[in-house]
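Each of the next two complexes has subunit A plus one other chain: subunit B in the first, subunit C in the second.
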Partner chain A sequence: MLVVLSMIVFALLYLMPGDPARSLIGARPVSPELLASIRAEYHLDDPIWEQYLRWVTGFLHGDLGTSIKTGLPVSQMIQGRAEVTLQLAVLAGLVSAAIGIPAGVIAAHRQGSALDRGINATAVAMLSAPSFALGLLSLYVFAVWLGWFPVYGLGDGGTLDLLWHLFLPVMTLAAGVLASIIKVTRIAMIREVNSDYTGFSRSRGLRESKITRAQVGNAALPIVTSTGLVLATLVSGTVLVEVTFAIGGLGSLLAEAVTFKDVPVVQAVTLLLAVAICTTTAVVDTLVIVLDPRLRRRRRRKSRNVTTLAGAEA
Partner chain B sequence: MSARSPRQARKTLLAIAVSAMATALLAVTGCTTGQAPAGGGSSAPGAPLESLKVATASQLGTLSVNQEAGIANYQIAALFQEGLLGLDNAGALVPALAESWTQTDNKVWKFQIRKDVKFSDGTPVTVEDILFSVEVARDPKKSPGVSVYWPTNITSVKQTGDWEITFTLDAPNNAFGSDVSNAGGLFVTSKAFYEKAKSYGSATDLIVGTGPYTVTEFDPTSHVSLAKNENYWGTNDGPATVRIDFITDDATRQVAFQQGQADVALGVPLDQSEQWGASGATVQFYGDRSYQGLTFDPNVAPFNDIHVRNAIAMAVDKSGIVAGILKGKAAAATGIDSPEQLAPLVGLDAAKAGVAKLPGASFSLENAKAELAKSSHADGFTTALTYPTGYPAVGKASLAIADSLSKIGITVNVKEVTLDSWLNDLGNGKAGLEWMIYLPTTSIPNEISSWLLAASGPGANPANWTDDKLAAQVAAINSIDDKQKQFDEIMATTSVALEQSIYVPVYWGQAALATRKGVVANDFGSYTLQTNWAAAFTQSA
Partner chain C sequence: MTAITAPAAPARWLAWGRRNKLSAAVVISMIELLVVFAWALIPAFGAGALDQDILLGATPPGTPGHLLGTDALGRDIWLLTVAGAQTAIVGPMAIALASILLGLLLGLSAAYLGGWIDWVVSRFVDITLSLPSLLLAIVAAGVIGGGYWVSVAVMIVLFAPFDIRLIRSAALARVHEPYLEAAKLLGLGRFRVMFGHLMPVIRGLVGANLFLDMAVGLVALSSLSFLGLGVSPQQADWGRQLNDARALLFINPAAAIAPGVAIVLTAIAFNLVGDWLSERSGVAEG
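Presenting the complex of A and B:
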C-alpha cells in the first residue's frame, strides 16, 4: 500500500504545474544555462520513472534525499518536527478519548435531559467550527483574556513547560475528534441503555455501576472502530493548528513543501503520515479482537480446527 | 436512570457564553492584558535595549542565503554575514570586509581587504576564505539562491596583493559593487567551516560569519537567536542579544505582539495597522521598493496591437487601487524603479520628481473605450490574469482591474495560482497579460528596469519584447559613472517602454513594522533591513 501511495504522490507532484528550480531563483532574471544547471543538480529533467527509482533506491538505503528548498537532508528536517506532531496527535487522541467516551456515556444515560442536549450542542458546535477559528478563539479567551496559557510556540523549558504550551493546540486539535467520539459513544450507548438486558438487570436489583460497565463493554466495539477512524483525521488536522500556534511540525512542513513542489520532503512526510495512520488502524483492529469475545472465540475455534486437521492429516 | 443535572448544563452554557462575550469584547476594544515587556534594560531614553525580541511573518528553512534567498533570509543574514561591501541606511555602498575599493572603466574592480578581521568563531579571515566564498556563491549548484546575481562576464577573480582581490569583467558593470555585497550575491564564511559542515546553514551547523552578530541558536520550526559578535571588526551599538520568532499567522503574531511577547513585529499587514497600533504600540511604514505592475507580451494576440495595450493601460485606476485596496499605504507607480530605489543616484526628492514626469496613460474609461475602438478588437475579448498565492493585495487589484476592463468590453478571468506556478509562467510566451511583482534586495538603481527593459528578444525580459536600440541603450547604462546622467538614462529608457505600453506600472509597495510602547525604531527606511537593523531599535523616552 505504501509503495502505491508513494507512486501516486510522486506522479501527482510531477503533474503539478511549476518548477522548483525557478522558485529557488524567484522573480529575477536568470540565464537558461544557469537554470539548466540548477535543474540538473536536482535531476529535474530526468524522466519521471528515473526520478522515482532514484528516490526509492535512496529510501531503501535509509536516505530520504535532499530538500530542494533548503538543500538540507530531509531526515534532518523532519526529525524534530515528527516528534512535535506525534506529541500533538497522541495527546489530542488521548484527550479526545478521555473526555469523549465518558461524555457520550453520560449523555446516553441522561437521554433527553438538559445535560444531554448541552453535551450534544457542544459536540455539534465543536464539530462544525473550523480548527483555525477555534484556535483563534481559544487564543483570545485563554491566552489573551484569561492569560492562563502562552500564545505560541513550544517554550524553552522542561516537560511541564512543553505541556503548558501544548495545552491550547491539543484542545483545538482534539475538539473535532472529541465531538465525533461523543456522538458515536452516545448512539452506541443509547442502544445498550434501551436494551432488554438493562431492564432485566435493573429489575433484578443489580448496581447501576455494574450495569454501566456491561453496557460500555457491549458498546465498545462500535466506539473503538469509529474512534480509530476519526483518530486518523488528527494527522491531517495538525496543519492549521500548527500554523495558528506557530508550532513547526510535520503538517506545516508538508503544506510548505507541497506549495514549493519540494518532492523529496513531500514524499518523506506523506509516507511517515501513512505509516502513522496504518499503525493507528492496526492498533484499533487488535483492540477490536481483544474487546469482542465472538472474534476471540472464532479465532480460537479456527486455530483449534487447524490443529485438528493437522492431527488428522498426520 | 439517574437524575438530570440542570446545574451542570447551565455551567456548560455559561462557559460558552463567557467565551463568546470575551471574544466580542476583545474584537471591539483590541484590549490586551499586560505581561512584562520582552526587552529588558533601564529606562533611559534612546538607550540601547539589552535584548531585542522580534516577531516576523517569515520562516527560514536554512540560514544559508546561498541556498534560500528569500527577502527574510537576506534581512536576517545581514546581522551575521558580510560581503566585500555592504549598504548604509540610505542604500549607498559602504566598506565591509573590503576597507576600500577602486574600479577602472567599471571593468577592473580592486578590493583592499580589511586586515586582522576574525570570524565569529575566532579564526582569522584570510583572502583565501573570501575567494572560496566567491567561488561557492558563483556556483549555481552550491548557491542556487544567489548565483543569479553574479555577472556571467567575469573573466578572472584573483588575489593581486597580500590583501587585495581583483575582479576583471569583459564588459563595464557599474553595479558590480552591489553584486559583491551582502545585499547582492556574497556572504563570506570560513572555508574550513564550510568544508567541515555536514549541512551548511542548518541548526547543527550554525553559519560562521563576520557580521555584528553571531548565531547562537537556530530552530527552523520556531526561531533564530543571535548574540553580539565579540570578534566584530566594527562598532555595534545594538542590543546584546536578538531573538527572532517565526510566527507566520497574522492573527497569532498580532496577539503575541500585543501580549508583550515581542518588542518589534515585522510584516504587519497593511490593512490591519490600526489594530496593531493599539495599547501604545507604534506602527511605522516604509517604502519596501517593490514594484507591482502589468506586463504585456507584444508577441501574443491581441496584445500585439498597441491600441489594446493602451486601452488597458488607460483602464487601470492606480490611484483608486492605492486608496481603496491598499488604504493609501503604497504609491501609484508612474515608472518601474521606485523613487527609493533611485534615491542613491540623485536623492529621494529628485527621484520622485523624475518619475512623476514619466509618460503614462491617465485613468479614463472613456478614453480607454475610444482607444480600444481603434484596435482590431473593438468589440472586446476575453483574457486571463493570474496572481500568486500570498499576495492578497495583488489579487484584489486584479479584480479591480477586471471590473474596470469589463466596462470597455474586455473580460478578464482572474485566477489565483501557487507562487511556484506563477514564477514558472513568467514570460513563458503563452500568456499575453501577466503581473510582475519584484522586490529588490540590492541598491542597484535600475535593478528592476535593467531586466524589464533588456529588450533583446524573447527570454531576455519577461515581456519577450524586442527593441534592439533600447536594449543597447539599457546595456550602456552599466558604463555611466555620472550619477545624474545614469538617472536620466534610466528615465529615458523607461519612457520608451511606457510609451509603447509594454509595461503598466500599478503601485510601489510599502511595508509596516510595529514597535511596542517603550521601543522606538530610529531612522528606519527602505534599506535599514539590509544593514545592522537590530541597532536601529532603542528605548524611547
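Presenting the complex of A and C:
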C-alpha cells in the first residue's frame, strides 16, 4: 500500500496542469535561466522512474525536499508540528476506545432499551456528521456560549493547560471513530450475550461481572480488527480538525500547502501521514495476534489472559 | 376491523408505515431531504443569496431584513444556507450515481463473467480501498485544482470501489441460482442476463447505497470546500460558509450554526434513509 501511495503522491507533480518546472517555481517570476536551473535541480529531464527512485531514497534518508513557498527544508517545517498531530491522534484514539467499548457493551446488555436506542442514535449521528461541522458547532456551544473551553490555540505549555486546550479538538476527532467502535462493539457483544455459553454460565450461577468479562474477551477480536480499519481515518481527520481549531500540526500544514500548491510539502506530509496510517495498521495486526490464542500457539498461556488483556483495555 | 370499515387515509398511511418499519426518525429525515432537494433544485428559493452589502458587514441574528444576520460581506446567512443546498445535493448526487453505475458495470461483470475481468477489478478495488481516501481526495483535488467538478471526478474514482465490491459480492451470492442458468440455457446473451436478470434482484441494495453514497459524497465534498478547495470563493456552499464563519463566531454565531446544522442534519438524513432502505430490502447491515 505504501508503495502504491508513494507512486500516486509522486505523480501529483505531473498531474498538475502545466509544466512541472513551472509548478515548482510557484509564484516567482519565470525566466528561461530559472526554468533551466529548476530542471537541473530537480532532475526533471531524467526518466520518470529515475526521478521517483531518487525521491524515495531521499525520503528514506530523511531528506523530505524543500518548500517552494518558504524555501525551508520540509523536515524543518515539520518539527514541532508532528508532535502536536501525534498527541491529537493518540488522545483521540484512546478516548474513543475508552468511551466506545464500554458504551457498546452497555448497549448490548440493555438491548432494545431506551439507553441502547439512545447510544445507538448518538453513534449514528456522530458517524454521519462531518467532523468540521461538529467541531464548529461544539466550538460555539462550549467555547463561545458556555465559555468552558478556550476557542483557539494550544495554551502556554503546561500539560494540564494543553489537555484543556485539546479537549474539544480531541473529542471532535474522536467522534467518528468512537461511533464506529460503539457500533462494532454492540454487534459483537450482542452475539456473545445471546450465545449458549452465556445462558449456561448464568444457569450455573456465575457472577454477572465474570460472565461479562468472558463475553468481552470473546468479542475483543472483531472489535480490535475493525477498530484498526477506522483508526486510519483519525489520521486523515486531523487535517480537518486542525484547521477547524486553528492548531498548528501536520494537518494544517498540509491544508496550507495544498492551498498554495506547495507540491514538495504536500508530497512529504502526505507520505508521512501514510506511514503513520501503516504503522497503526501494523500495531493493530500485532495486537490481534496477541489477543487471539489460536494465533500465538508458541507462547502457551491460559486463555484467561485474553480476558484480562481485553478488560484492561476497556 | 380494518377489513369491514374502510380506514381513513391517515390510518392507512400509518399501517403502511408500520408494515415497512418506518420510524419517526426516518420520516423526519425524508421531510428534511425533500426540503433540501427543493432548495437545491428550485433556484428561486435562494435568489439574492450572493448580494453583498459590504457597508453593512457582519451583523448578528435579528438584524432587520436578515433573520439570521449577515456574514463579513453583508450576505444574508439564511439565503446563503438555502442556496448552499445546491452544491450539497448536485455534487453528491453525481458522485452517488456515477459510482453506482461503475459499481453495477464492473461489479456485475466481475461477478458474472469471472476470469481475468474479476481478477483485474478485484485487484483495483483492493488497492484503492487500502488507501486513505479522504486524505488523497484532499491532496489530489487541491493540487490538480480545477474546481468543483474536478473534485467530484476525484471522489468518483476514490469512492466507486466501495460500490464495486459491494455489488460484486451481492451478485456473487446470486450467480448460481437456477433461474440464471435457465436464462442462459434459453440462449440469452451475457449482458441481457447480467442487466436484465441479475441486476433486478440486487436493486434494493443499489437503492440503499445510493443514499449512503450521497452521505459520503456530501461529507467529502463539504470537507474539501471547508478547506478552501473545490468551489469558487463566491459560490454559496455550506463547507465554505463554515470556514468563513470561524472568524465570525463572536459577532454572528448563526453564520456557523446554520450551515453546520444543515450539513449535520442532511448527512444524518441520507444515512437514516439509506439504512432504512437496506433494512427494508432485507440486506443485512455490515
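Following the convention adopted for this analysis, the second predicted complex is superposed on the first by the 248 of 314 C-alpha atoms of A that agree within 3 Å, B and C clash if a C-alpha of one lies under 4 Å from a C-alpha of the other, contacts with A are read in each partner's own complex, and residues count from 1 in each chain.
As a working rule, contacts are C-beta pairs under 8 Å (C-beta built on N, C-alpha and C of every residue); 3 or more make two chains touch, one makes a residue touch a chain.
This one's a predicted model, so the numbers in the text were calculated from it and none came from an experiment.
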**Request:** Figure out whether A:243 sits in contact with subunit B (first) or subunit C (second), or with both, or with neither.
**Result:** both
**Item:** Which superposed partner A:145 touches (first subunit B, second subunit C, both, neither)
**Value:** both
**Request:** Kindly classify A:165 by the partners it touches after superposition: subunit B alone (first), subunit C alone (second), both, or neither?
**Result:** neither
**Prompt:** Counting only touches as set out at the top, which of subunit B and subunit C does A:137 meet: first, second, both, neither?
**Reply:** both
**Request:** Look at A:266 in the shared chain and tell me whether it touches subunit B only, subunit C only, both, or neither; answer first, second, both or neither.
**Result:** second
**Item:** Superposed model, subunit A: greater residue contact from subunit B or subunit C
**Value:** B
**Asked** Which holds for A:186: it touches subunit B only (first), subunit C only (second), both, or neither?
**Response** neither
**Prompt:** For A:277, is the partner it touches subunit B (first), subunit C (second), both, or none of the two (neither)?
**Reply:** second
**Complete:** Overlap of the subunit B and subunit C interfaces on subunit A comprises residues 16-17, 125, 136-137, 139-140, 144-145, 151, 243-244, 246, 259, 261
**Asked** Where on subunit C is subunit A touching in the complex?
**Response** 25, 127, 130-132, 134-136, 138-140, 142-146, 215, 218-219, 222-223, 226-229, 238-239, 242-243, 245-246, 249-250, 253, 256-257, 259-261, 263-264, 267-268, 270-272, 275
**Item:** subunit A to subunit B touching residues, read off their complex
**Value:** 16-34, 37-38, 40-41, 67, 69-73, 76-77, 80-81, 84, 109-110, 113-115, 117-119, 122, 125, 136-137, 139-141, 143-145, 147, 151-154, 193, 208, 243-249, 256, 259-261
**Sites on subunit B touched by subunit A in the complex** = 1-2, 4-6, 8-10, 12-13, 16, 18-19, 22-23, 25-26, 32-33, 35, 59, 61-62, 64, 67-70, 140-141, 144-145, 147-148, 152, 199-202, 204, 219-223, 245-249, 251-253, 255-256, 258-259, 261, 389, 417-421, 423-426, 436-438, 451, 454, 459, 461
**Request:** Enumerate the contact residues on subunit A facing subunit C in the complex.
**Result:** 1, 4-5, 8-9, 12, 15-17, 121, 124-125, 127-130, 132-134, 136-137, 139-140, 144-145, 151, 232-233, 235-237, 239-240, 243-244, 246, 254-255, 258-259, 261, 263, 266, 270, 273-274, 277
